[in-house]
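Should a chain be cited, it is by its letter among A, B, C, D and E, assigned in written order, with residues numbered from 1 in that chain.
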Amino acid sequence: MLICKVVKPLVSTNRIADFQHKHLQVVLDGSTQKVAVDAVGAIPGDWVICVGSSAAREAAGSKSYPSDLTIVGIIDHWDPDAAKEMAAGKPANPGAPSGSGGVQ
Amino acid sequence: MLICKVVKPLVSTNRIADFQHKHLQVVLDGSTQKVAVDAVGAIPGDWVICVGSSAAREAAGSKSYPSDLTIVGIIDHWDPDAAKEMAAGKPANPGAPSGSGGVQ
Amino acid sequence: MLICKVVKPLVSTNRIADFQHKHLQVVLDGSTQKVAVDAVGAIPGDWVICVGSSAAREAAGSKSYPSDLTIVGIIDHWDPDAAKEMAAGKPANPGAPSGSGGVQ
Amino acid sequence: MLICKVVKPLVSTNRIADFQHKHLQVVLDGSTQKVAVDAVGAIPGDWVICVGSSAAREAAGSKSYPSDLTIVGIIDHWDPDAAKEMAAGKPANPGAPSGSGGVQ
Amino acid sequence: MLICKVVKPLVSTNRIADFQHKHLQVVLDGSTQKVAVDAVGAIPGDWVICVGSSAAREAAGSKSYPSDLTIVGIIDHWDPDAAKEMAAGKPANPGAPSGSGGVQ
């Protein structure tokens, strides 16, 4: 699943009937903007978990719903800067994840 | 789902029978050109929502249609420059999405 | 779907039985070489449409065929240079797709 | 499957019901952080095998579970530096994989 | 399908039961190391065809096997340097694939 930030709702009046009236959100995946079906009621600024692949369909409500990216959860606390440091750090040092305090 | 811009229709006379005569569009996903089945009647210059994965198949009309990218909606208003600024900005500042006016 | 260029056939004598004797082609996706099952009889130099995901399977002939990339159509006319210009251009200007003449 | 490093557990109180109470882990895929459902009981610092696509669903316990990334195994020994050297090395020399001792 | 080079077998003692005892190989996809289920008996140094997506499952032996990358064939002859040249060359010149001799 991806860790994305909700940017804003997306309005698309002319869309296929199968899409119904579900809420669409523009989300930021790294520096790329994508569109996700919102299954949890997120608001702009929220850090969320987005599921893709075929799992996005059932997550959006039904096996035949045509989504390939669905917001399935809101992350309680997320510090993107700590995340960046960790990603840039030395992941070769197991057992000592840097920063962000007492994990687990 | 991806946010793409419609470039132009694509003509492919020699194609598999399963593809039928559905309309194909060249779309721009960032700087990459892809081909999408058009399920909404988009025209060059439109900003559209494209769905991929297995969802692209039912979105194209049937569970067995061999599409992996289908245009499922036309975006009412899209400002790619505002989008770029936002992506380059400081996504670590929740609650204050920059530019593009009163969202939500 | 991807826009790829056919490079050459690929020979793989030792392969799983499910692959049968279908024709495999090396195709160029941007600067990456991939292998696609050929369902249309393309020849080296052809610009083709390749479908991925689960759709690649039925496109290759049956729901259980183990392909994740299948050539489903040959593009009638493709100008990769015009395509590059367009991708590098200003996609923010809807209604005026640059170059390549009267589209649509 | 991807080779990822477990970073820390992820807490998401507001999530869809289908997600149940399964354990979620933040994992590092190269320099990108993703979220995976943990099916093996990994701990931060572990190098793990993550499966994606539709296979992530059954790996998480059931065909209808909405995961697109599931931890399916803990790697016994993994030396990320040797891995990097190998990737940067000369993969064109078959039969002589550099470093990391007597493989196979 | 991807063109990968087999690096070495991977040992993962603690893994989910569904994975059974199938042979896992570390493969090099460009400069990224991934894990693939080996369905053909490849050895380190072999250039192989890897299938992903849902097709990887049946290729690994059954529709419910949780693989997203399976080695489905060994390439008879592969010259990675010729491949690189071709990818860096002028793919805009159809009908004249450079190097590597009489193709097709």
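Keep this in mind: a contact is a pair of C-beta atoms (placed from the backbone, for glycine too) under 8 Å apart; a residue touches a chain by one contact, two chains touch by 3 or more.
Just so we're clear, the structure is a prediction, and the values are computed from it rather than from any experiment.
Visitor: Would you kindly count the fewest steps from chain C to chain D, each step being a jump to a chain that touches the current one?
Guide: Graph distance in the chain contact network comes out at 2.
Visitor: Provide the C-alpha centroid distance between chain B and chain C, rounded to the nearest whole angstrom.
Guide: Centre-to-centre distance between chain B and chain C: 18 Å.
Visitor: Counting in whole Å, what is the centre-to-centre distance of chain A and chain E, each centre being its mean C-alpha position?
Guide: Averaging C-alpha atoms per chain gives centres 30 Å apart.
Visitor: Could you list which residues of chain E touch at least two other chains?
Guide: Correct list: 52-54, 56.
Visitor: Just walk me round the ring: chain B, then chain C, then whatever comes after, in order.
Guide: Listed round the ring from chain B, with chain C adjacent next, the chains are B, C, E, D, A.
Visitor: Under the definition above, what is the set of chain A residues touching chain B in their complex?
Guide: Its residues touching chain B are 5, 7-16, 18-19, 24, 26, 28, 31-36, 43-47, 52-54, 56-57, 64-69, 80-81.
Visitor: Which residues of chain E touch chain C in the complex?
Guide: 1-3, 30, 39-41, 49, 51-56, 58-59, 63, 70, 72-77, 83, 86-88, 91-97, 100, 103-104
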